[in-house]
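What follows is a set of structures to go through.
Each of the next two complexes has subunit A plus one other chain: subunit B in the first, subunit C in the second.
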Partner chain A sequence: MEMKDFIEHFVEQFDETPSVEVSPQTHHHEMDEWSSMIALSVMAMIDEEYDVQIKADEMRNSKTVQDLYDIVQSYLNK
Partner chain B sequence: MAIIKFHNVGITAMSACVPSKVVSNRDLGYLIPEDEIEKTINNIGIEERRIADDDVCASDLCYKAAKQLMEDNNIDPASIDVLLFMSQTADYRIPATAPLLQHRLCLSKNTCCIDLSLGCSGFVFALSTAFAYASMEGVNRVLLLDGETFSKICNKRDKVDWPLYGDGATATLIEKGDFEESTFILKSDGSGANAVIIPNGGMRNPTTADSLIETAREEGNIRNDLEIYMDGMEVFNFAMSVVPKGVKEIAKETGTTLDDIDWLVFHQANKFMTDFFAKRLKFNMEKVPYCIHKYGNTSSTSVPLTIVSELKDKLKKGDQVVMCGFGAGLSWGTARVVFGDCKISPVIEY
Partner chain C sequence: MLQLEGKHILVTGASSGMGRVFCQMIAKEGARVSLLARNEDRLKETLALMGGEGHKYYICDLTDEEQLKATVSTLEALDGVVFCAGINDFVPLKFVKQEKLERIFQTNYFSQVILTQMLVKKKLIKRNASLVYISSLSSKLGVAGTLLYASSKAALNSAVRVIATEMAPLGIRANAICPGIVQTEMLGSTNIDEESFTKQAVDYPLGLGTPEDVGNAVLYHLSDGSRWLTGNCMVIDGGYSLK
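After this line comes the complex of A and B, so read on.
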């Protein structure tokens, strides 16, 4: 899994946020467009692209895109 | 493992009744910022819902649906052997509601009457119960009434739940006859009990004065402990991991392919979620009926309500219908039913 691809998939879940605005250090909960539906979209994307089902608490507790990436990576390493 | 097969029983008639009062999600400005309302409606797929009046219960809606079904099909009340009432919004704690409906519907005192209680998975489980009774010697006709009034257990200032839930009821007649095999796969996981819960009011946490105190909860949602809480993200996650798999499993179990399914009827949870399942299955969206835009999420009622409201003039003899229910419990079930001659009455209003 590449961070570049992960960010690309991540940004696809938004309507108005351009990919240049998102980096591993982005705090997604603070993004203008962030909402509970976007959170579900991101979970669905992770399920679809990586066949990983992250837990609701993992989604809620993650602060940055890097955190999310690390969670997915930890499942892939299992 | 609960994989159940039935022979020579099937659904012969269906009807539905919804409250006449329409509540539009466009009027939720007090709960959701105005500029986000359209987006929310698009995401959840719910424009409006039906809400029962204060003095109307799920059983009242069921009564009307049942009367319609019996009238449209000339059903002699004395010919009903079993009456099942599937609901989590029953009339009383005691007695069960099914006997009350037996009396109101003028069914015989020889009728076996039982209440069943499950969340959004309820219809699939209740249908398997109805099929089981109908398979037994001594039973020819089972009337399954499935009705919910979640508007009564949901706080209007809870932005997770209030935009979703609507009220409604259905009646389904199950009989012995020349039907193809039906298959049910029923599953449960009580470790997820807290994902959808009304914490007080049962014996575990009896009602106290505190139960009625409204407080601000997660993300500012307001409710008391006698009202429904749902961890939307947890439920989404759960459903994502079991629902598409359940559809594949039932196809495998019945030696069929996903292409053989004529209608895939999901519990109308929210459109975003079920669209995702269909996409995940690469399933033809034209064969996935929705009534969520006009009735919202009616919990266990949503599967039969979708069939009555959307497939009334489309369902043909021989059609393979796969039904998926999933929700509180956690509980989920998938059923494949091949329809024979089934008379579907139009949706009526209370």
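After this line comes the complex of A and C, so read on.
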């Protein structure tokens, strides 16, 4: 799994945020367009792209895109 | 007098969540319960929580027609059935897939109809029996992310009305119960976190429901007290729909 691809998939879930705005350090909960619907989409994207079902509290407790990436990576390493 | 004295009731999805609580409540009202679910250990746990006598459990995956057929062939005649087995999957429209639709409809709709069909064909539903289908308030709303679940339950509501008409000549009743958000394990296992459900609690004038709240409605539907009720879809939601 590449961070670059992960960010690309992540950004696809937004209607307006251009990819330049998103980096591993982005705090996704603080993004303008962030909503429970986007959170649901990100979880569905992770399921579809990486076959990983992250838990709702993992989604909620992750602060940055890097955190999310690490969670997915930890499932992939299992 | 106990509400369900002498009755034999089948409960699907009996090993967890609402189904487990319903089994306990139904047994307490004097009925003999046949429990149906996939997991034997959990079925035994449910059984251990129940009072009364004569209960039996059946290990069966409702989505497997052969298993269902085999189970139905060993059942005794019924005074009531509570169709409680159900699954949930929250995904936004853009992630809906044929495979996901099939999976949720398989459990929440197809298997409910097929089980009903088998029980009716085998004449296992006694005259004046009551069929109770656990649907959902979401079948009447349009909450984001609930397309799979809500539409499977809406299909179920329609089936219930037709079943009610077809079974009426035998005095057999079919009704759906549409609860709002109820705190069960199913909530914990979904991809929607507890916090967002807690947030939604503010939209429920009477707060979120418990399995017992729905169980009391189930008891009423199973009892002879509801003998004139059929084809109905009871919304029980702590006042959520008032808004």
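Basically, the second predicted complex is superposed on the first by the 78 of 78 C-alpha atoms of A that agree within 3 Å, B and C clash if a C-alpha of one lies under 4 Å from a C-alpha of the other, contacts with A are read in each partner's own complex, and residues count from 1 in each chain.
Criterion: contacts are C-beta pairs under 8 Å (C-beta built on N, C-alpha and C of every residue); 3 or more make two chains touch, one makes a residue touch a chain.
What you see is a predicted model; the values in this text were computed from it and never measured.
Colleague: Which partner does A:56 reach: the first (subunit B), the second (subunit C), both, or neither?
Modeller: In the superposed model, A:56 contacts both subunit B and subunit C.
Colleague: Quick one: classify A:72 as touching subunit B (first), subunit C (second), both or neither.
Modeller: In the superposition, A:72 contacts neither subunit B nor subunit C.
Colleague: For A:7 in the superposed arrangement: first (subunit B), second (subunit C), both or neither?
Modeller: neither
Colleague: In the superposed arrangement, does A:36 touch subunit B (first), subunit C (second), both or neither?
Modeller: both
Colleague: Name the residues of subunit A shared by its contacts with subunit B and its contacts with subunit C.
Modeller: 36-37, 40-41, 43-44, 47-48, 53, 55-56, 59-60
Colleague: Which part of subunit A faces subunit C closely enough to touch in the complex?
Modeller: Counting only subunit A, the residues touching subunit C are 36-37, 40-41, 43-45, 47-48, 53, 55-57, 59-60.
Colleague: Any idea which subunit C residues touch subunit A in the complex?
Modeller: Contact set of subunit C toward subunit A: 90-92, 94-95, 144-145, 190-196.
Colleague: What residues on subunit A touch subunit B, complex-wise?
Modeller: 35-37, 39-41, 43-44, 47-48, 53-56, 59-60
Colleague: Can you name the residues of subunit B that touch subunit A in the complex?
Modeller: 36, 39-40, 43, 160, 219, 231-234, 236-237, 240-241, 272-273, 276, 280
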